[in-house]
Structure formats: structure tokens, C-alpha cells
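Alright, structures below, take your time with them.
You will see two complexes here that share subunit A, one where it goes with subunit B and one where it goes with subunit C.
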Partner chain A sequence: MSRLKDLQKNLFGGTTSNARQFGMIFTLVAIIVLFQILTDGLTLRSDNLIALFNQNSYILILAIGMLMVIVAGHIDLSVGSIAAFTGILVAKSMAEWSLPWPVAILFGLAIGAIIGAWQGFWVAYIGVPAFIVTLAGMLLFRGGNQFIGNANTIPVPEGFRVIGSGFLPEAGPDTGYNNLTLLLGLAACVAVVWREFQARKTRREMDADPAPMWVSVLRMAVMVGAIVFASLRFASGRVGTSFPVSGIILVALILIYSFYTRNTAGGRHIYAVGGNSRAAELSGVKLKRVNFFVMMNMAVLAALAGMIFVARSAASGPQDGNGWELDAIAAVFIGGAAVAGGIGTISGSIVGGLVMAVLNNGLQLLGVGTDRVQIIKGLVLLLAVAIDVYNKSQGRFSVIGSITRSFRRDTPTPPTSSSDAEREPARTAVSG
Partner chain B sequence: MRNLIGKSVAIGAIAALALTATACGSGRDGDSGGSKGDTKGFAADSLIGVALPSKTSENWVLAGDLFTNGLKEAGFKSDVQYAGASTTVADQQAQITAMVTKGAKVIVIGATDAAQLSTQVAAAHAAGAKVIAYDRLITNTPDLDYYVAFDNFKVGQLQGQALLDGMKAKKPNGPYNIELFSGSPDDNNAGVFFNGAMSVLKPEIDKGNVVVASKQTDVKQTAIQGWKAEGAQARMDQLLTSTYGNKELDGVLSPNDTLARAIITSIKGAGKPVPVVSGQDSEVESVKSIMAGEQYMTINKDTRNLVKQTIAMVKALQAGNTPEVNDTKSYNNGSKVVDTYLLPPVAVTKANAAEAYANDPKLAPLTK
Partner chain C sequence: MSDVPILLEMRSITKEFPGVKALSDVNLVVRAGEIHAICGENGAGKSTLMKVLSGVYPYGTYDGQIIYQGAETRFSDIRSSENAGIVIIHQELALIPDMSIAENIFLGNEPRKRGAIDWKSANRMALDLMARVGLQEDPDTLIKDIGVGKQQLVEIAKAFAKDVKLLILDEPTAALNEADSRHLLDLLRGFRSRGITSIMISHKLNEIEAIADQITILRDGRTVETLDVKADGADEDRIVRGMVGRELSSRFPDHTPKIGEVFFEVRDWNVRHPISAERQVCKNESFVVRRGEIVGFAGLMGAGRTELAMSVFGRSYGVYESGTIIKDGKEIVLKSVADAIAHGLAYVSEDRKAIGLNLLDDIKASTVAAKLSKISHHGVLDEVAEYKAAEAYRKELRTKAPTVDESVSKLSGGNQQKVVLAKWMFTDPDLLILDEPTRGIDVGAKYEIYGIIQRLADQGKGVVVISSELPELIGLCDRIYTVFEGTITGEIARQDADPETLMKQMTSTKKMQTR
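On to the complex of A and B.
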């Protein structure tokens, strides 16, 4: 009994929104296991896992930016077009001005920043709804792509392709695995363990009640186990393959943006604006600057996603970016963001995106046609959000919450853990 | 004490990672280096992957059905996939990757965008699968093995010639006003059709016998993105408004049937007489239209023959033989000259429709 309470309080952070996040992760694991059985073990084979990341990293990168846009209470429909526009410009810059590819990547990011500043200006300083600004942007930059590219497909040089389809080099002794991938896995394990101890130390210093040791150990064991499993999988693909470069870019972005949205004043301001923009403004949040930032940030990430796709496809084509905005938005909402803004996490969106990705991949491995795949994905999106909305309207926040409610004492658990405050954005007080 | 437990777990996990990494040295599951130079064929019941573009024309749907049945008859396992309607390129990339994962021995690809598949074709090659480009040549990859298609330059020539013949039959003397349409610029074939047609039309245009009244002769002006019918209809609407207020339109070069019907719809909508319009693919609606005297011609590229030829190539590969090809010079995809088997197309007008479609169960009844 008390163990259950401990587990709930500490593993899920004790709050219902974390329980929901746990629910999403559970769904993801369930889908993976289901397809692993249905496809006779193809789903978790290393080449398929590598392909999964290669195929979806650009969508997940978009989801990171989209989460921040949606949390701030906006939407961005232009990301696919911005990606295509940047893609064609970067491809042309390398083909016609023979720009070296690292410079071309910087050039692409700069284009993203300029486009973002343009859209951010209209949203933040003129006050045109983001829906309209980005709808215009969708047309504008799609047209720009066709205008510049003459609807042609333009190939990109070998070096540039690394960011979309490249792998870590083989280094060190022949262990039968990709050594650098193993090292990455090791670093991740160390980081997980270090972070756990760091968190415990902080809480002890703050005289807070640290989670029972066994919970910490369990949590670490699960995460380290997952990381060990994943890194062995990724490291054991065909010679010359490893954890993909696009996946590394994605993971780096997830870490940076998770930290930013959870642990910095700037990140918390986005939640404050989305939760109640008027209140946020009165508390001293620079509303315009926040809105400008999220729109601009989205465009830069869209530019990066566009370049990764072009690199993976080895060419920039006129169909690039079609429908990407919808994939990114779907990932964010499946991952538990609120349509009205103010609620949602980066990790949730990534899990949401992965649910869609694994679903897509598994159905393709089973040979299900795209027509039926689309039907299934549509239903999953609807159901995921519907369950959330229904549960909220019933006054309970999640299925898991409602199952375990009878076990709970009536005494409200004070939000002791620091992660409580981080993950309950709407209630967070805003600092300067 | 507590710390000790945690630390020992962490150390244990890291040790486990290191151990498993070194202990089972045969971690890599792919056969390293692929099966290069392996010409001994493969099992007769192997998986054959077929990746086709989205279902925008009847032809692809028919091809998919023929592949499913034909491969089954030949004893293979098949996986026939179409790209989705909106995210076509990404879908096809993912589908091809999935086929490689499933261990397909041959992957037949009707590309949505001919230049954006090199990563996937390379992955297939590395896994030891043969790649056959079906109908559309995949460019910028040294890993493509074969190309099978109808002779598309010939298709263009037949379209151009039929256009001239048809206009002459209606009106013995020129000059004739015509308009030009071409296919999607991301489809490698679109340019080949257009060049084939222009090889016939250009001499007549230079002589002044044939006039492109709108002066839009550049392939960038004539192209219809994505082979979309509404694109062709919109462009024809605009041409009629801008150029044919008081001029007579005698002929339209259309690269395929879907666009031809859209062009005819536009012309009829404007209340003008239907000119001579070319086409291609022998779609049901267009054959009906030809028999009704509206569309002038189409090209019969019997999908049955193309699929039959492709499956013959797959069988040859299975037996460890080199598939038959009849062109080893003309099709350079930017990285290499691809061994190609070309099938001859046939021009069909109302006059020879019954004969041309005699063996086609779906089209034959329409020509009676």
C-alpha cells in the first residue's frame, strides 16, 4: 500500500499530468511490443530502428518547435513550406554558388531565422493571429519554393547528406559493434545516474523528503536498461551504420529545449503566456518578445528539418514539406498538449511523435497500404485527444489516475518534488 | 549506504553494457559488405517489393494489381505499396526502407520523385537486393541495377505525329494554332515525352505551318506539376482567355489522358469546338472519349506487357541469370548508364482502337 503510494508519488511525480505522460509512454511500449510480435521481430531489429530515426527525426524536430508554439497558444501551418523553401535555397546555393556544405547549413539556418523574424513580427507586434500569418506563410513559401526551383529536383553533394543519412564513423578496436554508439550509450547511462543522485542531493539540501532509495534505484534501472538495450541495438546494425547523425541532432535538441522549457525563466514565460497571457503580462512577462521568439524559433527548426530531409533524400524536390505541419501538430497533441495552450512538454510531444512513427513503420512492415495507414493514424489522433478531453471533463486527469484514486488518502499530497512544479506549467508562478 | 546501492546498480549496468558489447562479438546482424558479385540467384519464394507512386492514375492501380497477381503466380511473396496522397516522397522512402528490412530480394520502384531515392536505393543495394526502376528512371544513384519502360521518346514522337495528322484530316491547309502541355517536372519522363513530340513539331513550327499562338513553348511554361488534372484545366482556361478570344485552336499536345480530358473539359466549358488533343495511357474515360470523337488519340502502353517484362526480369534474377536488356547506351541517370529494356508504344485513334485493344478485357468492349 505505502509502496504503491511511494511509487505513484515518486515515479510519476505524483501528479496526474505525469501519470498521463506515463500513460503515453506505456502506449508507445505497448505498440512497439505489439508490432514486434506481429512482424516477427522486424520492428526492433537494428536496421529498422535506425531507419525509424532516419525517417522521423525531421518530424520530431518540428514537433519540438511546434510544442512551444502551441503552448504559447498559437499554431504554425507554414513549417512544411518553410522547410521546402529553405531546402531549395540551400540546394541551389551549393549547386550554383558552390557554397561549401557547412556554410550552406548556416545559410539555411539564417534563412529560417529571417523567415521566423518576418512571421514573428506579424504575430507579436502587429497582432495578426498566428493561424493567418502562417497560412499566408504556407502559400508564400510554397510558391517561393516553386519559383526558385522551377519545380525541379536539385541534388545535393555527398558531404551535405551526412546530416540526413549519415552515420558515426567506425573507430577503435573491432568489437562487433559501432564503438562510438556504445560510447554515446555509456555517456547517457552515466548522465542518468548522475542526474538522479544530483536530484537527491538537492532535495536533501533543501530539507525536502527525498524519494525512497528503492524508487530511485528502480527508476535508474529502468532507464539504464532502456539505454543499454537501445545502444546495443543501434550499435549492432550493418557495418558502417550506427545511431544516425540526424538522431544525434534530434537528441541534442530535445535535451537543450527540455532544459530551456523546464528550467529557465524564458521557457517558463512561454507557459505563462499560453496559460493566461493577460495575467502573464501583468506579472511582467514581455508578451511580444515571447511570441516573437516562439515563432522565430519554429521557423529556424523548420529550416533545419527541411535541410535534414533534403540531405536524406539526396535532393531538394517540389513535394518536400507537404503535410509536415500536420504530422508535427498531431505529435504535439497526442503527446498531451492542450489545444488552448499553456500545457504540454517536449518529452510528451516526442513520445507522441514516436507513437505515430512506430505505428506508421509497423503497418508498413506488415504491408498495409498508405490508405489504411492514414485511416488508422487519423483514428489514433482523435482517440488520444478525445480520451484526454473526456477525462478532464470528468474531473479526473487520466485513466491511471482514476484507477488508483481509491487507493489514495484524502490528504492532498503537497507538490514536494521540484519536477512537480516543472510539469504543472499552468499553476507555476512566474518570476520576473 | 543508500548511495552504495545506487552506485553499485549504476556500475553494474555499465559493466553489463561493456560486457555484452565485448562478449558477443558477432553483434552485427547484417552480412558485412553485402552480397556483392552474388549472381547465383535467390530462393524461389523470396519476397519481392514493389513501390509505386500514389494512386493518381488508373495505370498505377492496374500495375499494382498485376504485380500482386503476377508475382504470386510466379511463386514469389510480394509486397506492393503505393505512396500516400500528400506526403508522397517520404512515404515511398519509408516503404522502400521497410521492404529492405523485410529482406526483399528485388525491389521494383515506380518513383514519385526520380531524384530523391538515392539513399534508399543505396540501402537496398547494401543489403544485397536488386533494384529495378519501373517506368521512371531513378536518377543520381550508382546503385540502380535495371530500368524497364516503354520507349518514351517514341511516345512523344507518336503524339506529335498524330497531332499533325489529326489536324490535317480536319483542315487540309495550315497554319494550325496549337498549344503545348507537358507533364510534371519532377518526373524524368515528362521531358522525354515533350522532347519526342517537339522533335516532330519543331520543323513544322519553324516552317510556320504550325503556330503556338500563346508563344508558351518553354517546358517550364508548359509543365503541369504533379500531373494534376486541375492544373491542366486551369492553364487551359487561362490560355483560352488570353489567346483564343477570336482565334481558332486547332490542336493541343497533351502528355497523357488525364490531362487531355481536363483540357477538353476546359475547352468545352468555354463553349469552343474541341480541337485535336493527344493523350497517353489508354485510360477508360479517354478511350470512351476517343470513340465519341472528342479526344483524338492516345498511346497504348499496355501495362500488362510492362509488368510481364518486369516479372520476367525478376525471374531471371531469381535463377541467377542476367535479365534481358535491349538498350545499354541511352539511359544515363547521372551516375551511370543503366541497362534498360524498352517496350514499343502504339498510337491509337478511333480508326485502329478495336484492333489495338482486342486483347484488353476492359477496353475491348468500349471499342465496339
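On to the complex of A and C.
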């Protein structure tokens, strides 16, 4: 029994949102297994995994920005339109002004920054609710896209398409696998092990007992196992395919923004503003600056997502990005963010986004029509949040907390785990 | 007076909240047609008593009897007490700013004709009611377009629309200027001559002395006495004695102050209200703080002490008009909270849950929240440093929590307050402003907080304590300023401070210097 308690304490001890994240990872694994069985192994086949990543990377990129917006207590409805607006401008810049594609990407990011500054100005400095500002933005930039593109589709050159449909190239000896993908997987494994030991060291410095060694080993084994499995799958796809470039961009962004939100003063300020803006202000947080930043950042990420989408579909069209804002918002809330702000993590949102993506993909593989897919997705969103709200009102912890409760023999001791151990489930999400 | 029939009698009312006895065995006798004042310090139980009477706390949630018009009544909610003709007008007016005077008067009580609101007769009746309270306005005028004084009259007109027999006014003149106050008091006299009974809660003792027939004094949730103004010759001094007549026991740790030179000074501080620009919240206020000194600010609710403190703390309240801050002999300009923190100021807010803490945070994050730069290198937080800092304060202040990973929302009031203190001690301030540092905290924790405050002073910091509890100020502070309606009305050294003197200066505009 004591081992189970150790595991529980170190794996899902801690705060509600961490426990909920663990619940989401649990759900994600369950859904993957379910569809793997239902589709006779189609779900985890290389080409399907690659397609899954390619089709969803831009939504997940949006979810990163949206998480920060929602944590700060706002919402952004304009991301789909911003993506489309940026997409058409970038496509046009290459087609008509023959901008080289790397310059065009920078140009696109600059457009995102300008739009973000525009929206951030209204939200932070004038005090118009973000809901209104971005609702206006949604109309404004959707109209802008169709005005500039004459509601036509503009193709983009080959070079540009790499960010949307490119893969890690073949390199080195012929192993039957994509070597660079394997190398990436290896690096991820090393990073996981390094972080685990780093976490143990931090805990010792905090005069706290680190998690029992066997828990650490188990945790590392699970994560390394997942990474190895994924690397082999991605590396063994059809010739010419491997880990997608958009996936690399996504992973890089996840790592950067996870670090930013968790380990920097700037990130802490976003949570402070969302948790209690007046208290944050009276603690010296520059409220306006934080609000401006999250809105601007979101628009830049939306611009990036728009360019990746255009690159993947080889052209920019008038219907690009329709409904993206809703997918991104759903991912964030399924991933454990609070509607009132102040709570949520990047990794949680990514897991939330993946749950939706796998669900979408699995149902499509089963031949379920888009009508029914939408119905199911809507219900999943409602259920995921409702279960959490219900559990909170019952003074309970989370789904997982209530499942494991029956195993507890003695009264639960207050968690002695440090934040690092608590955040472990989150880390699993990042790497898996 | 004793031959006049009794309209209302509240017999041995006891009301308990979890852990607190707000009222114990309170008696109140109100005779028909009189103006009855209820006096007491903040927290004496005045508002609770009125909430019992008006059914906010329904029958069954308190002990005791309410006898009204000769029969025992058991109100289940506000509506049932209003139907009986008891109407309470709260300090915070319950008017909807974007609705007209007539709409507000009949809100929830609209005259109907075949199911639809009959605006014609509503406006006619509104004009009639407005005439009774001496309000000359178009009934279609929006509430937000008339002043506070007139809004108060609308509230009273609203009460008349409900056929009031007993009118309860909670601090009716708190937000009013001199002229509006006088008009309101005249109005109450007029009601008396027409046989309407009023109960008035007020901190302004001169008004009470001028208008009331009977005065019931509450202290610590008990009835102290009921005075007949004419027969007992109750004047302000007499009322004050009743309100504060309590022994000061040793609820404070022993302390010998080590007071140094003046290092912080505010001169001619003027601040306007953030929304209604014509209201001046701080009027030419000046004060000094010495190193190692604990300086108290006494005043009634609404006197403008919090506003003064917050406006000094990086202009976090109101609209700054004029005034200078001098620290260590140099003038400093604090335009933001960040500036204030950088210059060594700290402000522990009055309402720790609403504006003092982020309740989603754990103890660690809360402790370091006001100075993240101390635990970060180039913006990157050092978790170990954060943990160690929080743990050190947890031990030093003896915060009761298993670890610093505990969420602050799970802590008791006293321990939350210790976390807030730790948060501001972490910023290494020279001047700490503590606004109601012991509000809602039990006696044991209060003693500890007093000890912490004294230790901070002994480290050479200046400490400003704003408190509504006079014994606390007298027991803790080396020097006390009194504030009344945005003006500093007095400065009293510790040895001269007693509740009567303080109360007197807190309730009058006369500027006195007793040093």
C-alpha cells in the first residue's frame, strides 16, 4: 500500500489543476487506446500520426497563446481571422512583390505583431473588454482577408511550404529509419532523464525528501518509452516523411512558453493578473503592460499558425482559419484552465488540444461524419469542464483523486512534495 | 416620554456567527414618533441588530423576541418586514444609476394596469412622494445625474412608497456634505412631527445630539445603556464614554520604542475621488513618520484613511492633485506601485482577500510576489531561493501551515495576514503601512501580529497603522493622528491618548492640536 501512496503523492499530489492535468493525460491515453482498438491499429500507424501532427500543429500553437490570454482573464476570438489575414498578405507578398520566403515569414510575424499591438492597445490601455475587441477583430480581419484576396485563393511557392508540409530530411547511413528523427528522440530522452535528476537535486536543496528512487525511475521509464515509441513511428513512415517541421516548431514553442510561464517573473505576472488583478497591481505588477503583452503575443502566434496552415495547403484562401478560435479555446479549457483566469498551464492546454485532435482523427478514421464529430466534440468539452466543476463543488480533487480515494487507508497527509514533483504530470505532456 | 406607546421592542437579541458572538442579549425599545439613535464603535453590532430587525437574518437564526406594534413578529425576509412598514436605508444606496428617479422609487413595487407598468400614475405618484421629501427634480431624471444628497432623498421617497411606519437610516449623512446633511436632518424632524418613527445609526455624534430623542449605545455586541437626550442631558462626551468605556487589558506585548529622526513626510496631500471628481478625499493632509516609530491613524469608516494611504502608495487610489512626499530628506515622486516599492514603501491592504492576496497562489508564490526580482536572475525565477525565502518567513512569523506549498486560500485569517506581512517584509521596506492589520483575526493571532509590528519598528522601520479599534491604536502606537472627512484633525502622543479624546477628534471637524 505504501508504494501506491508514494506513487500517488508524487505523481498526482498537489494542486487541483495538476491533478486535472493528470486526468487529461489519462483520458488522452484512454482515447488513443480505444481508437487504436476500434480502428484495428490505424490510429498509431506512422502515416496517421504524421497526419495528426500536421493537421493540428497550428491549433496547438494557437492554444499556447490562448492559454496565456485566458490565464490573464481575457479571451481572443480573432485568432482565426488574424491567421487568414496574415496568410493572404504573406501569400500575396511572395506572389506579387516576389518577396523571398524567409523574408515573407518575418513579414508575416510583423503583421501579427502590428495587429496584436492594435488589439492590445484597446484591451490594455482603453479598457475595452477583450471579448469585444477581438469580436471586432474577427470581423475586421476576416473582411480584410477577403478584401485583399478578392475572395480568391493565392498559391504559395515551394520553399515556403516547408514550414507546413516539410519533414526532417534524410541524413547519415541508411538505417531504414529517418536518422534525424531518431536523433531528436534520443535528445528528448536525455533531456527527460536530465530533468528528472535536476528535479531531485532541487528538492534536496529545498530540504525536502525527493520522491523515492523507484518512482523517479518509473516516471522516466514511462516517458522514455513513450518517446522511443513515437520516434520509431515517426522515423519509419513512408519514404520522404518523418517528423514534420511544423511539429518541430510546435515543440520548440511549447518548451519556450512552458519555461516562460513557469519559470520567469513575466510569466508569474500573467498568473497574478488573472488570479487577482487588483492584488497584482498593488504588488507592483504593471497591469497594462501584461495585458498588452498577452494580446500581442497571441496575435503573433496566430500569424505564425496562419502561415503554417497556408504552407500546408499550398495556398491562402478566404475560408482559412474558420472556427480556429473555438478549437483553441476548447483545448485550453479541456486542459484545465479556469474561465475566470489565473489557472492553467501550457502543457495542459496541449494535452487538451491533443484529446480533441485524437478524437477528431479517430472518429474520421471510423467514418463518422463531420456533423456527428462536432456533436461529440461539443459534448466532450462540456463534460470535461462539468466534471471538474462538479468535483470542485464537492470539495474533491479531481477525477483521478476520486478514483484513487478508495485505495487510501489512512487519512491523507498534506502533500510534502515540492512543486517540481507536482509538475511532473505536466512534463509528461510536454514530452509525449 | 414614557407615556408614549412603544412601537418596537427587541428583547434579549442574541446572534451568533461561526466563532463570533455578534450580539448578545441586546435590548432596544423604540417609542412611536421618536428619533432613536443607535451608537457604537465599528463592530459593536449596530448593523447586525438592524439586519435582525429588517429580516435580513430571518427568524430562527437569532435568539430573542421582536415585538412590533404590540405583537411578536417573525420576519422571514426583507419583504415581510417591509410589508409591516419597516424600511431600512443602507449606507450604500441601493439605487440603479441608469434608471430614472420614478423607476427607482417603484422598483419591485411598480404600479400596474392590466399587467403592464402604468407609467402615467407612477410618475404622478413619484412627484407626490418627492414632494414629501422635498426633492425637486423631474421624475424622469436618471439617478446618476443627481448628487448623493438627492439620491438619499430618492431612497427615502422609495421607503414612503412602501407605506413606511419605521424608517431605519444607516449612516445617512456619511456621504453627504454639510448642506445636504442639514436638509436631511430637517426632513427627519419633519417626519417626527408627522408621527413617523425613525431609527438612525450614525457616527456623527453632533448630529445625534442635535436630533435624537433617545440614544441606545452598543458595545461589543451588548447594550450598554439607553439615554434620554433631554432627561439625561446626553452630550457628545457622555455618548463617547458609553461607546468606549472599556478597560484596556494587556493585550499587547511589552515594548520600549526606539524612536529615531523623521525620515518620511507627506506634505499638503490633496486627492480627489476617482469617479466623482468634485469630491475631495484628502484635504491638505500632512504627516511625518520617524524611524522606529509606530504611527496610528484613527478615524471612522469613510474618514479617508485608506484613501490617504493608498494614494501615497504609488497613487493606487483616486486622482492625485497636489502634495509632496519627502523621504530621507529628499523629495520623491511615486507615480506607480512599482515606484513606491522601489522607494521602500509597503502597503498591507485592508481587505486581504479582495486586494491583498491572489487566493489561487500558494504561500511561496505569495511571499515573493511583490519583489520577484529578489529571487530571479535576468527574469528567470530561482525556485530554490523562492522556497527558502518563503520558508524563512514561515518560521519567523510562525505561520501555521504544513509547508509553503499550501494554498493561501486554505489558511485561517490570521495566517493569511502573516503571509501578507511576509510578502511585504520580503520587499525590505523602510515604511510599512498596515491598514486594519488585525481585522477578522482572533485574539491570539492579534497578539502575535502586534509583536511582529513592534519588531519591525525596532529594526528602524517606520510603521503606520490604520485601525478602527481605538484600544488597538492606543495600545500599539507611539503617536496617533485622527482623521475626519479627509482632514487630519489632531495629533496625539501615546501618553495623552485615551478613547474619549480620540473619539472626539475623530468625530469633529474642529482642528485641534494636543501636543
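Quick notes
Criterion: the second predicted complex is superposed on the first by the 398 of 432 C-alpha atoms of A that agree within 3 Å, B and C clash if a C-alpha of one lies under 4 Å from a C-alpha of the other, contacts with A are read in each partner's own complex, and residues count from 1 in each chain.
As a working rule, a residue touches a chain if its C-beta (ideal position, glycine included) is under 8 Å from a C-beta of that chain, and two chains touch if they have at least 3 such contacts.
This one's a predicted model, so the numbers in the text were calculated from it and none came from an experiment.
Taking subunit B and subunit C in turn and counting the residues of subunit A each one touches, the greater count comes from B. Touch criterion met: A:S231 reaches subunit B, while subunit C stays clear of it. When both complexes are overlaid on chain A, the residue A:V190 reaches subunit B alone and has no touch with subunit C.
Contacts of A:T27 after superposition on the shared chain: neither subunit B nor subunit C is touched. Judged by the touch definition given at the top, the superposed model places A:G323 against subunit B, while subunit C stays out of reach. By the touch criterion stated above, A:T175 is placed in contact with subunit B alone, subunit C being left untouched.
Contacts of A:T370 after superposition: subunit B is touched, whereas subunit C is not reached. Comparing the two complexes, no residue of subunit A contacts subunit B in one case and subunit C in the other.
Looking at the complex, you find that subunit B touches subunit A at residues 2-3, 5-7, 9-10, 13-14, 16-18, 20-22, 24-30, 32-33, 54, 79, 81-91, 93-95, 97-98, 100-102, 112-119, 123, 126-127, 139-141, 184-186, 220, 223, 225-226, 334. Within the complex, the subunit A residues that touch subunit C are 14-15, 202, 205-207, 263-266, 268-269, 271-272, 275-276, 278-284, 286, 342-343, 414-420, 422. The touching residues of subunit A, when paired with subunit B in their complex, are 42, 45-48, 51, 54-55, 146, 150-155, 161, 164-165, 174-177, 182, 185-186, 189-190, 193, 196-197, 213, 216-217, 220-221, 224-225, 228, 231-232, 235-241, 309, 312-315, 317-320, 322-324, 327, 360-361, 364-365, 367, 369-371, 373-374. Remark: subunit C residues 313-314, 316, 336-338, 340-341, 347, 349, 354-362, 364-365, 369-373, 376, 379-381, 383-384, 387-388, 391, 402-403, 405-407, 423 touch subunit A in the complex.
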